[in-house]
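Once you scroll down, you'll see the structures, which are given as structure tokens.
Shared between the two complexes below is subunit A, which has subunit B as its partner in the first and subunit C in the second.
Right after this comes the complex of A and B.
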């Protein structure tokens, strides 16, 4: 029997506001525990929440980017449960009147395009972070009150690969929207996974299992593969899936039961009396819509048209908004889109990977890269010289033209000078010359290499090749 | 030295200090002496004489340096539910033992900026839940007019302090009558502002959609003065309204000619204490003599008010009080094996029985399966009650009613019968449900000397109207003999 999975995700995204959802404390990551707290986010007696308007704005922008309908009347509710990381023992969230409804995310898996429907997007406050030590536990409330957007999908995803594709596409859109850093290491993006399986051909969804608090995309993928197998095997063996919440253990690669439906919380939602409903007028929403950043798909098309680069290149470059921004700045400056694209896709992305950093963190600016490429295009330096300079520009920055002058790296473009080097090379390498004359075409390249070496890399490679070919042809003749 | 300066009105005290008749330090000493003399009233549950005198000294120095301030040097008593930086704030509960406020409530900050000094913390029913100030972890407060009777509640300590001369004025909080009822029981003035008039930031929440901070004072004029200082939009409380604060002092001068005052039929019922009924009716007759036109109006949903109030207030309280868990501040029971164990022990030992009763009630009415039948239904009835008042205020400028059906209870009288106590809130909870303003003014005494109050209810943000009526009544001789 074949089993068909249905997967729904609840993605929690920390917004990129300067201050917390309901108070003025900083949202910056990494500060010493409990240094970004106040009576409001610590739940002190008498403290009251005040709405962060920017969080509302960023949530609506996210909704507009994802094609949601924006609620003109939205409100906040209290969700009650006791946990030490929750200062008030209720979370301020949105229950029945979220800011955004509907919408969807387009994905392509194995060449097949699908749209995954969103149920809703609502806004809430993050909780603190518990740490457990040998003899005690501690709570850091710096995170408590950070604006958290929850994006809920319909159970439209049918495989672990689709879930992965969805998360990547969602992350890309959120980065384009500029509403979150989407930094998984810093917990900007966390995910609850709902998954059920049913026999192929059956309409009704199977019993669902929830896997809580996943904080890597790889984890979501692996947990789904495991859970789909587990549930399918259970059904195939005549068993039944129990509705429950499970925990993913990355080390063992298994999920384990946390709690069953019977111990599910009764959250006792009711409208938050300390906050007024959020009423957005149509004109405001339309103004925000007009100011939306370009969506990734639109940008791909435009890059192909404006810079004359292949569709494949545009796909790679637009995967990350920062990379696409970098590309556009550099391509506009030097006027050679294809060269900039090549440099980014091969050298720059490789360096970022090796150094494990982002464009914003490295010293290379789009202007520097454009100037470097322009030096090559003007034949001031040759390509190998340019490539040799890149790691330094990446690490410490600098002005390529000044570096070239200071170090005498300018290209040797004088035909007589290169001609002399070619003659020297042919004299010094009779064996290779013989190989060529004996019919080994590749030997010519080896000779060009020797010429380049003799020029200490500065010879114009095209000119060197041309002269080598001419002189070899003369000997042949 | 002027005799009994602790019994002056706030305005007299401000004038006296300004004129150099006495200093803030002298005034504060007189208040502290009265406090010591009447310690048996148990009006204060915390008082720091040295700190009070230090504040008074600073006020005197400020005066000499040429500073003015509407309340410069005036000693106030603060209900133990409002945060005053550096002072305890226990809410009459064991669970907040050891907690020290980190900040001033907005109302406190505004009074402080006007020069007020904060003598101490007054007793209250735990977390403002109660109508007698007997539900306090720090013992009951006695009524200065009759020490074997309760002071009312939940702001009983504040009412007793004002009536007994232990403060020139005080702050209370009113969720279902907790300012007006103790004012009525003790014989002073109590004002509940419209919802959204005074910032709740720093007021420990009981029921957020009903709570308001209000002044207790010896005169309507003093209450208006304090209200004027505290009122107005606060960025820290999203439920405050961005409405300009009127000149309440101007309202004090008006007379009653041309005013239409309504008598709600449902507030004059059989079974009321006849002496209370007689005193209130006499007060209404006086208002008529003063030129007001008296009309009968109807508030048909009044009979549902107490049930509606206890559902909504308990529901909100069940969430508001969840933060008292022993994790971050206050009392923590000897730790159990798990956080849940610790919560259970801390809350079982830290909260008194009335608070536990309301948390359980509130948890129940919000539970899945019961929400629609209780919470949602109560919200709908609340809307009907609000509409009753909207309709009534198209026929009159303000309403005149008793504050309570009976005068102060004897100590212990209602302790075993919470329902009896709840029913006593019938005439006060409606104002909180509707978000309107209300004033309690002394209007007489029973044969045995228990004070009786007249309640003046006005439309939302119509404080000038109730102040005008209360001040005119007071000027005409006040309490009817």
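Right after this comes the complex of A and C.
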């Protein structure tokens, strides 16, 4: 029997605000425990929350980027629960009137394009961070009250790969929108996963299991593979899946049921009396829509059309907004989009990976790269020379034209000069010449290599190759 | 929204709210709450078609603050309010899972 999974995600995204959702405490990461707290986020009796306007703005911008409908009337509610990470004993969230409804995220998996529907996006406050010790736990409330956007999908995802593709596409859109740093190490993106399986052909969804609080995409992928297998095997063996919340254990690569009381999910939501509703007028929403940044998919199409680069290249370049910005600046300056794309995809991204840094952190600017490529295009230097300069420009920066002049790296483009080097090379390497004349075509390439070496890498490789071929042909005569 | 026939189980809600009520108190509140619910139920006699439930009593909306940092509380007074502290953190009973 074949089993088909249905997966829904609830993604919690930390917004990029300077201050918390309902108070003026900083949201900066890494401060020492309980230094960014006040009566509001510590839940002192009588302290009054006031909404952060920027958090509302960023949530609506996210909704617009994801094609949601923006609720013109929205409100906050109290979700009651008792846990030491939440001193008020309720979390302020949105229950029945969220800021955004519907929307979707386009994904491509194995060449198949699909749109994963969103149910809603609402805004809520984060809770404190607890650290567990042998006999007790410690709570740090610096994170309590930080604005979180919860993005809820329909159970549209049909595999672990699709879930991964969704998370990557969502993260990319949020980064383009500038609404979150999406830094997984700092817990900016956390995910609850709902998954069920059902026999192929069956319409009705199976019993779902929730896996709580995943903070890596890899973890989500691995947990889904495990859980889909577990549930399928259970059903195949005649058993049934129990509706429950489970926890992913990355070390053992398994999920385990969480102990939770039966009434733990009876949250008794009711309207937050301390916060007045949010009413957005159409003009405001349309003004925000007009100011939206370009979506990744639109940018991909535009790069192909404007710079004449392949679709594949455009996909790689737009994966990261900063890389796409870098590409466009460089391509516009030197007018050779294809070359800029090649340089970024092979050399620049490799250097970033090796040095484990971002474009903003390295010394290479788009202008420098454009100028380096222009030197090659004008045949001032050859490609290997240009490639040789890149690591230095990457580490310390500099002006490519000045470096070339100062070090005498200019390309040797004079045919007579190269011709003399070819003669010398053929003279000095009679065996390789013999190999070629004996029918070994590759020997010609070895000779070109020798010519390049003799010119200290400065000969125009195409010209050298042409002259070697001509002179060998003459000998074959 | 609560349906007109919904009754409120005081013992259950007290448990949710972590309130310790003895049987006598439960019975007393159960009677009182039944009276309140009965009173509120009168609203059902009106034609409420197309009327959204009211969440707030005043027609005031969009009370915001700008995203500008304000000083947090000094560290020591904050932890002075903790029943027990563990270095810089609030010490609480061990949280399982």
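The rule is simple: the second predicted complex is superposed on the first by the 463 of 477 C-alpha atoms of A that agree within 3 Å, B and C clash if a C-alpha of one lies under 4 Å from a C-alpha of the other, contacts with A are read in each partner's own complex, and residues count from 1 in each chain.
Keep in mind that, in the parts below, a contact is a pair of C-beta atoms (placed from the backbone, for glycine too) under 8 Å apart; a residue touches a chain by one contact, two chains touch by 3 or more.
For clarity, every value in this text was computed on a predicted model and none was experimentally measured.
*Asks:* What's your read, subunit B or subunit C touching more residues of subunit A?
*Replies:* The partner making contact with more of subunit A's residues is C.
*Asks:* Please work out whether A:274 is in contact with subunit B alone, subunit C alone, both, or neither, and reply first, second, both or neither.
*Replies:* first
*Asks:* Tell me which partner A:35 touches in the superposition: subunit B (first), subunit C (second), both or neither.
*Replies:* Only subunit C; A:35 stays clear of subunit B.
*Asks:* A:308 in the overlay: touching subunit B, subunit C, both, or neither? Say first, second, both or neither.
*Replies:* Neither partner.
*Asks:* Go through the superposed model and pick first if A:46 touches only subunit B, second if only subunit C, both, or neither.
*Replies:* In the superposed model, A:46 contacts subunit B only, not subunit C.
*Asks:* Classify the contacts of A:335 with the two partner chains as first (subunit B alone), second (subunit C alone), both, or neither.
*Replies:* Neither partner.
*Asks:* In the superposed arrangement, does A:84 touch subunit B (first), subunit C (second), both or neither?
*Replies:* After superposing on A, A:84 lies in contact with both subunit B and subunit C.
*Asks:* Go through the superposed model and pick first if A:266 touches only subunit B, second if only subunit C, both, or neither.
*Replies:* A:266 contacts both subunit B and subunit C.
*Asks:* State whether A:388 touches subunit B only (first), subunit C only (second), both chains, or neither.
*Replies:* neither
*Asks:* Subunit A residues touched by both subunit B and subunit C?
*Replies:* 39, 42, 50-51, 80, 82-84, 89, 139, 266, 268, 273, 275-276
*Asks:* Which residues of subunit B touch subunit A once you look at their complex with the stated criterion?
*Replies:* Residues in contact with subunit A: 82-83, 89, 91, 96, 99, 101-103, 105, 200-205, 207-209, 235-239, 315-316, 318-319, 322-325, 327-329, 339-340, 343, 363, 366-368, 371, 375.
*Asks:* In the complex formed with subunit B, which residues of subunit A make contact?
*Replies:* Where subunit A meets subunit B, its residues are 39, 42-51, 78, 80, 82-84, 87-90, 139, 266, 268-270, 273-276.
*Asks:* Help me check something: in the complex, which residues belonging to subunit A touch subunit C?
*Replies:* 17-19, 23-26, 32-39, 42, 50-56, 75, 80, 82-85, 89, 130-141, 247, 258-259, 263, 266, 268, 271, 273, 275-279
*Asks:* Show which residues of subunit C lie in contact with subunit A when the two form their complex.
*Replies:* 12-13, 15-18, 55-56, 58, 60-73, 75, 78-79, 81, 86-97
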